[in-house]
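The following pair of complexes shares a single chain, chain A, combined with chain B in the former and chain C in the latter.
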Partner chain A sequence: MPRGLVEGVVLCRVGEARLAVPCGEVDAIAPLDGPAWDVGLAFGSAAGAVEGKALQCFGQLLRVDSVDVLTTPELTVLPVPSLLTGVADGALTGFVELLGALWPLVSAGHLLEHLRRRAEA
Partner chain B sequence: MTLGQWLPNRARWLIIPSTLGNGLGALLAAQYVAATFTFPQGALGTFWILVAVIGTAGVGVAEALSARHLRTFRGLCAGSLPTSDENRLRALDEVRQFPEHIGRLGVRSWLGAVVALALSFWLVADAPASLVVRIVVMGALFGPMAAVVVGLLVGQRAHEAVERLAEGMSPEDIVSSLRVPRVSVRSRLVLFTLVMVALPSLVVIDVTRALGADTVETWLSAPEEGREAAVAAAQRLVVLKTGLLIAFATAMATLAAALGGSLVTGPLQRIADDASSLASGRLVRAQLIAGDGEVWLISNVFSRLEERLVSMVGRLASATRRLAKAASSLRRASEDSESGAADQAAALNQTSATTEELAQSARQIASSAGSVQELSRKTLEAADSGLASAEAFRAAIERMRQDNRSIAAAVDRLTGRVQQIGRIVDVINTVADRSDLLALSAELEGTRAGEVGRGFSLVASEMRRLAENVLESTAEVEELITEIRTATRQTSDATERARALTESSTALADEVARALTSVAQSARQTSDAVRTISLATQQQQTGTDQLAEAMADILGITQQSLATTRQLTAANERLQRLSSVLAEVVSRFQRQDA
Partner chain C sequence: MSEGPRGHLVFACAGSLYAVPAERASEVVNLPALTRVPGAAPHLLGVFAHRGEVLPVIDLTRLIGKPVEERFKRVVVVRVARGAMAFTATRVIGVNPIPGALPRLGETGALAFMSGPATVPAGECAAIDPEGLLEYLSRGR
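Then we have the complex of A and B:
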């Protein structure tokens, strides 16, 4: 896929925050019935949430409150401003405009790395 | 001097005057004999001897005979009889009649003596018959005179003895026990005149005749030349003898008159003195005043009158004192009674007002009792109605409790069904959730598959929407279930509270029923009591009305009594003044015990 476009995203909500994960990085969507990385920690939420759904990515689970799949064939990815380059260990890869709002497009692999580092820190 | 001290030798003392009287008579008779009698030669001595003998014997016989009439008096004087009232009365009667007895006895003694003297002188001295007759005539002339004098002398002493014997005795008792004297003063005066006037006149006539005969005989027997002198001497002798005889007779008559007058006037004078004392207000103890004939009657009447007057004045004085005391007490009592009556009238006024208030209160009580009875009846009806309502309430509560039980059971069943529904919804929810995830996964796979999986993604998306619809529906169902659970829980709580409430309501209804039963019973008893009270109050009202009327009557009577008491007080004051006047009148009689 050419740079600047993304085909299919998984829209997730964690608390008040929202994010979009490219469908290609999500292996499956599963019920939250095991250990999972809480995505809300990356957005300043408190730890301890046990409900929601899990995104299986790279063999690991990411917990979010709700999940939706956007089947639009191509979405324009807005680039990350230089000011925000490297935020969350480079997990933020751009923004997509959906439903009248900007959704941060997050790389699942980097997000897992970022959460692991935060946990180790 | 007491009677016991006075009595000794008084029998002799009473008789002794007879010796004096008879002696005077004998002296007068001797003078008569010396003047008129002519004795035979040598017979004069014999005559005087016979006179002495027969006279002495006559005196002894006379005293012996007279003593027979003084048996009780002599016994008292000798002390052989007790000085009882009976003996004193008997002795008093003897002494009272003794002068009359001794007078008659003197006459008979004189006659007996001169007869005896005449017969003896005739037998002894062979006296001529004329001399014997003259001796008898002499006794007939001088015996009554001596007897009168003796009777008067003895009468003097008999009066004293009678009064002595009567001392301390009631004249009334004495008079009532003695006989009324038969001889009156008039007959005594007639007899006295005959004896003391006529008989001396006869004596003087006889002496004059005898001396005249002696003078004539002297004149005839004397010589011629000596006749004048002899007659003169004889006349002088006549004058002398006649004078002596007249003097003796006059003296004797005077003595008799004095004694007789004294016997009449003495008692009268004492009666007059006593009457004067009575008239001057000096009361002495009534004593018997001895007297003869009508004087005795007068003295008796006066003594009885005096005795009764003394007794009456004594009783009158005592009665006056008691009257004064009683009048004083009566006056005080009247004043107290008047004060008490006034207080009583005031108290009765107040009592009458109080009684009227009481009657009014009784009427109000009767009216109130009627109202209370009506209220009690209504209370009883209300209590009965309340009891019925309480029973109905308890039945309703019972039904409510049963309904609550049914509701609780239904709620329990509903809770069970809701739980079942919840579990089913959970299952549906789980399935829907899984379906949603599967749809998401399918859509994700379809998206990842690109253009090829686009249709698959659309189907998965539709399936996901269905799953989401199901989840929304199940959420709504869950909300409904939650609401139902809340409602059932609230219903259960309400049912539990209702059950507890019905339980407490049942207990309360039981208590209310018991209370109302008690109230009904009390109301019934109250109604009975109020009915009794009402009847009693009506009776009390009637009684109180009658009491008020009676009090009004009593008040009227009390006011009349007060007026009467005041009149009585005034009358008592007049009575006290009258008793004072009476006491002053009685005080004029000063009692003086003899």
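Then we have the complex of A and C:
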């Protein structure tokens, strides 16, 4: 699979895990103030965290512990290994190398769907 | 497929021995810090970037249902036509011949892609079919 590019990402930390969401999929970032889908669920954490930041995406809220916005014009996206194709209901779209670490790049829409399915399971 | 002996890289993982066809084992590297993957199964410990590609790390003990709290220091990178993956290892034994015709260790799950036991100088090992196992794991198992 060829490498792609992404323009700007929101870097999110959830416990010891981290992920990146394309800036174009995030409408707003605000302190958590109400119900939100807890991204920690995708990493096996228990739901119930009430502090952190909320990312508004597609009219819904994603909860994370902290965020940083990186507006680098073009970031190289490393492709998803074949073994991980389809993981998290297709939310994983690649990886970016930033700040000396590898960040899973996710589609916010698919991640919301994945969290909804996990919550129902 | 020939049923004659083939050279396999034998390695230990938490007290058990495993083997992969030597031509599929591309290298052994020290286990770096891993990046966790959202939605991944427990046996997928995480990923790391290596030579410009992202490699998933499979904990063989968890994969076959033997959770062992052990800190792995190395991984064996295995490459097949469809992609690459890395298996946790505590020690690399070496290359030994293993017969091609061995019974599968299970009918379902990951054990269906392991055969043996094969006797090598270090003991008995399970021979991994990396193509089949990657295909199986790619289906979200």
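Everything that follows uses one rule, which is that the second predicted complex is superposed on the first by the 118 of 121 C-alpha atoms of A that agree within 3 Å, B and C clash if a C-alpha of one lies under 4 Å from a C-alpha of the other, contacts with A are read in each partner's own complex, and residues count from 1 in each chain.
The rule is short, and it goes like this: a residue touches a chain if its C-beta (ideal position, glycine included) is under 8 Å from a C-beta of that chain, and two chains touch if they have at least 3 such contacts.
In this text the structure is predicted, and so the values were computed from the model without any measurement.
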Report clash or fit for the pair chain B and chain C bound to chain A in the combined superposed model.
fit
Where does A:L32 make contact in the superposed view: on chain B (first), on chain C (second), on both, or on neither?
neither
Looking only at chain A, is it chain B or chain C that touches more of its residues?
C
Of the partners chain B and chain C, which touch A:V10 in the superposed model: first, second, both, neither?
first
With the two structures laid over each other on chain A, which partner does A:L98 touch: chain B (first), chain C (second), both, or neither?
neither
According to the stated criteria, A:T71 is in contact with first (chain B), second (chain C), both, or neither; which is it?
first
Thinking of the overlay built on chain A, is A:R18 touched by chain B (first), by chain C (second), by both, or by neither?
second
With both complexes placed on chain A, how many Å separate the closest C-alpha atoms of chain B and chain C?
23
Those residues of chain A which chain B touches in one complex and chain C touches in the other:
none
For the chain A and chain B complex, residues of the former touching the latter:
7-8, 10, 23-24, 26, 28-31, 53, 67-71, 73
Touching chain A in the complex, chain B uses residues 433-434, 437, 440-441, 443-444, 446-448, 450-451, 454, 457-458, 461, 464
Touching chain A in the complex: which residues of chain C?
33, 35-40, 42, 44, 47-49, 52-56, 82-85, 134, 137-138, 140
Applying the document's contact rule, which stretches of chain A touch chain C when the two form their complex?
16-19, 39, 42-44, 78-89, 91-92, 95, 97, 101-104, 106, 111, 114
